[in-house]
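What follows are several structures.
Each of the next two complexes has subunit A plus one more chain, namely subunit B in the first and subunit C in the second.
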Partner chain A sequence: MLKEKLNALLKIDRRWIFLGLAVVLFGAIMRPLGLINKKISRDTQNAYDFIDKLPAGSFVILSLDYDPATSPELNPQAMAVARHAFRNNLRVGVVTYAAGATGLIEQLFSVVPAEFKKEYGKDYAIFPYQPNAIATLTQMASDFYGIYDKDKDGKDARSLPVMRGVKNYKNVSLVVCIAGTIMVDWWVQYAGDKYGVPVIAGVTAITQPGYGPYLQKKQLKGLMGGMKGAAEYEHLIQTPGKGTSGIDALSLAHVMVAALIIISNIAIIILKYL
Partner chain B sequence: MSDTFLIAGAWISAGLTIFLFSFLYKDNPFFKVAEHLYLGAGMGWWFQVYLYGVLKPKVWIPLMNHDWMVIIPALLGLSLITQFIPKISWVSRYGFTFLMGYGSGLAIPAYLATDFINQIGGTIQPFANLAGMPAFALFNAILVAVGVICVLIYFFFSVEHKGAIKKASNVGIYFLMIYFGAAFGNTVMARFSLLYGRFDTLYTFSASKYLYATQFILVGMIVYFIAHALMNRGKKETEPAH
Partner chain C sequence: MKLIKKNIPLAIVSVFGMLTLLTYFVPHKHSVNFLEAMNKWENIVSAFAFFLGLVSLFYSHYAKISRKADGWGYSIFVYIGFLAIAVPAYVSHGKNMDGSVLTFLGWAFQYIYNPLASTMFAVLAFYIVSTAYKSFRIKSPQAFVLFVAAMFLILGNVPLGQMIWDKIFGWTSYAISDIVDWILHVPAIAGKRGIMIGISIGVIVTALKIIFGIERQYLGKD
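Up next is the complex of A and B:
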């Protein structure tokens, strides 16, 4: 009798698991539990500390290279970093090498700068999508305006007050690359290692373990990984956003998956010795 | 007017998301519509990206400003298209040769410096400070060095894996397994994050402001599946070939 029930449990229609997962995630969105994200990882803390120590007026390149497919993980990271930069009165130049990011960048910068009364052209500038990232990164080492002579609206980039004194990487205090692509590797290779520009990255949880060697060698000054990284950064800047609210749902979904793994393994062990 | 667009956008977004998710239950015409729409819209979108993001600013505008130098890279780029015409496909070799040479010249030195030499340095460097090293840092350095050597031995196929080599290679497998486990765990977390992103959007569009788009479409889908099941009761269902 028990054997049959356990066998039935192991052969459960996977659509019940999908439904269970949907209920758990939707439940957490509708009724947030407010699970506290107490532990801040060392790499997120390092990213926060590095940006926090930059003097006001420093020029930071924000390379936002993600599209709608990875935006649930990366958009909260970008929002948190942009908020931190504006709060500390840093100058921000936004670039992208992912064509799908342009709309998301517009959306993000229609919200965040207004919170800090920052003006376009004076405190930040957005540059158009460039198709060949490696050529662009190489060009920027000698002359930023050789590739970005105009901003996204076609205005002369040199005339923007935010770009005052910025000619090449020597005038860039930090690059923050938030990417669902290989862009982080390229920023490290073509700007970080070659010209000594500090690089901080925000990546998806899938690619996060692969950046361990860059962190160990300090080629990356800090790293945010997935939605957890976003939640940690939001906690550090004390501005909860989508990352923080998403952690509830993620935690519950993980509990559900862990419970399913444990239950099915116990069932297999019982069946083996029954 | 803008409210109408907002509501229409919400209904399209919620509808397409639910249509695509409906495949998890079973294949249906709504999923097919969303799938084909996605492919078509994607192609159209990339076409305009190349037209307005590459061709216009990088070729057309410079030509209009009498910058004739862009003709050379433009011709090299165009030469790639000739591979579709067998008689003159040899012309594409010029474009590919340029791409190979330029790409290799940029990538190889950068990759060697960042991902090879620097990483070897990163594995050895901690042992230069053995005297002042805390116990945990020493353990960490040894673990990294042993891991690197054992994994390299696992992938070293020029000698037969037996004796000490086999043991080291087996240790390498454990290091690889730990990495794969960590990567898989993170992959699960990433997929849940994406699912959360879509559910969060669906929840947003369930508000009265969007005329309850999510609820109406979800109920519509459920009604369709019930009606479909009732109409086909007793019939043997066959999965269409994909």
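Up next is the complex of A and C:
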């Protein structure tokens, strides 16, 4: 009897699992538990500290390379970093090598700069999507305007006050790459390692473990991983956003996965000795 | 014919490949100028590659529809999807926002592309959970190691997992975040570094084979 029940449990219709997860996520979104991160991870703290120590007026490249698929994890990171940069009066140049990111960038920058009374052209600029990232990254080493001669609206990039004194990587204090693609590797390899530009990254939780070698050798000065990284950064800048509110759903879903895996293995062990 | 189809492309790849490689080691003005010209060309050629990909996509789906192949109905949505973004992009001159107001393209992006792409990715979560339940079973010592590492990472990555750990294993004086840090910064890095070195050697060898004309598959069959 028990054997049959355990076998049935192991072969449960996956639609029941789908339903369980849907209920858990829906419940967490409708009634947040208000869970908070007890400990800020070392890599997120390093990212925050590096940006925080930049002198006002430093020019930062924000490379936002994610599309709507990964935006729930990465958009909160981008918003938090942009808020931190504007709060510290840094100059921001936004670039992208993901075609699907252009709309997200415009939406993000229609909200965040206004919170700090920042003006387009004076405090930040957005550059158009470029199809070949490696060529663009290499080009920026000698002359930024060799590729980005115009901004997204077709204005002469050299004439924008935010670009004053910026010719190539020598004039860039930091690159923050928030990406759901391979762009972080390329920024490290083609800009960070070769020209000494500090690079900080924001990546999805699933890809986060792969960036360990860069962090260990300080090729990355800091790293935010997934929604947890976003929530940590939001906590550091004391501006809760979607990262913080999403952490409840993330928590419950993670615990549900762990519980299911443990249950299935306990069932197998019992079956083995029945 | 062989000259145009084979010899000239091989010579172009070889000469420009070697020159571009040399620019990495020669910081002279001419070298930088050459690299800048190559970068611009590369960007232009990439844009054409997108166009070629689009033509190929349309052609293959047109063939599927005309043959009434299995699932041909889905191919119609390739054209509908293309038009749903391309027409607004043309009408809005490629701009998502006009001041603080969404343009037609911005609307299409926010209310068509954004939810569709997010949904596709979100559906993955359901499959991951059900697959984890069905396949994450300890059947060997290696699977046990993977299971233990996965449990630490799953629980250590979220506040609720940390709370559960503290309740059950708080007496050990080990925080789960410390264990996760160790997994990520010691065994995970060792594995990842090995993979990265292997990939890099592969990339170098393939690049040299292309430059010296040993690898010719990119030229096509005839």
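By definition in this document, the second predicted complex is superposed on the first by the 274 of 274 C-alpha atoms of A that agree within 3 Å, B and C clash if a C-alpha of one lies under 4 Å from a C-alpha of the other, contacts with A are read in each partner's own complex, and residues count from 1 in each chain.
Please note the rule applied: contacts are C-beta pairs under 8 Å (C-beta built on N, C-alpha and C of every residue); 3 or more make two chains touch, one makes a residue touch a chain.
Here the structure is a predicted model, which means the values were calculated and not measured.
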Applying the document's definition of touch, where does A:M30 land relative to subunit B and subunit C: first, second, both, or neither?
first
Tell me which partner A:P72 touches in the superposition: subunit B (first), subunit C (second), both or neither.
both
In the superposed arrangement, which partner chain does A:P209 touch: subunit B (first), subunit C (second), both, or neither?
both
Contacts of A:S110 with subunit B and subunit C, given as first, second, both or neither:
second
Have a look at where A:F18 lands relative to subunit B and subunit C in the superposition and call it first, second, both or neither.
both
Kindly classify A:I261 by the partners it touches after superposition: subunit B alone (first), subunit C alone (second), both, or neither?
second
Partner contacting more residues of subunit A (subunit B vs subunit C)
C
With the two structures laid over each other on chain A, which partner does A:A56 touch: subunit B (first), subunit C (second), both, or neither?
neither
If you stack the two complexes on chain A, which partner ends up touching A:M1: first (subunit B), second (subunit C), both, or neither?
neither
Examine A:L274 and indicate which partner it touches, taking first as subunit B and second as subunit C; both and neither are also allowed.
neither
Going through subunit A, the residues touched by subunit B and also by subunit C turn out to be 18, 21-22, 69-72, 131, 134-135, 138, 205, 208-210, 213, 216, 226, 228, 250, 253-254, 257
Where on subunit C does subunit A make contact in their complex?
32, 35-36, 38-40, 42-43, 45-47, 49-50, 95-97, 100, 105-106, 109-110, 113-118, 120-122, 125-126, 128-130, 132-134, 136-138, 147, 150-151, 153-155, 157-164, 175, 177, 181, 184-185, 188-189, 192-193, 196
Complex contact set, residues of subunit A against subunit C:
12, 14, 17-18, 21-22, 33, 35-39, 41-42, 67-72, 100, 102-104, 106-107, 110, 130-132, 134-136, 138-139, 142-143, 146-147, 152-153, 205, 208-210, 212-213, 215-216, 226, 228, 247, 250-258, 260-265, 268
Provide the residue numbers of subunit B that touch subunit A in the complex, in ascending order.
24-25, 46, 49-50, 53-54, 57-58, 106-107, 110-111, 113-115, 118-119, 121-122, 144, 179, 182-183, 186-190, 192-200, 203
The residues of subunit A that touch subunit B in their complex are 15, 18, 21-22, 25-26, 29-30, 69-73, 99, 128-129, 131, 134-135, 138, 185, 188-190, 192-194, 204-206, 208-210, 213, 216-217, 219, 225-228, 242, 245-246, 249-250, 253-254, 257
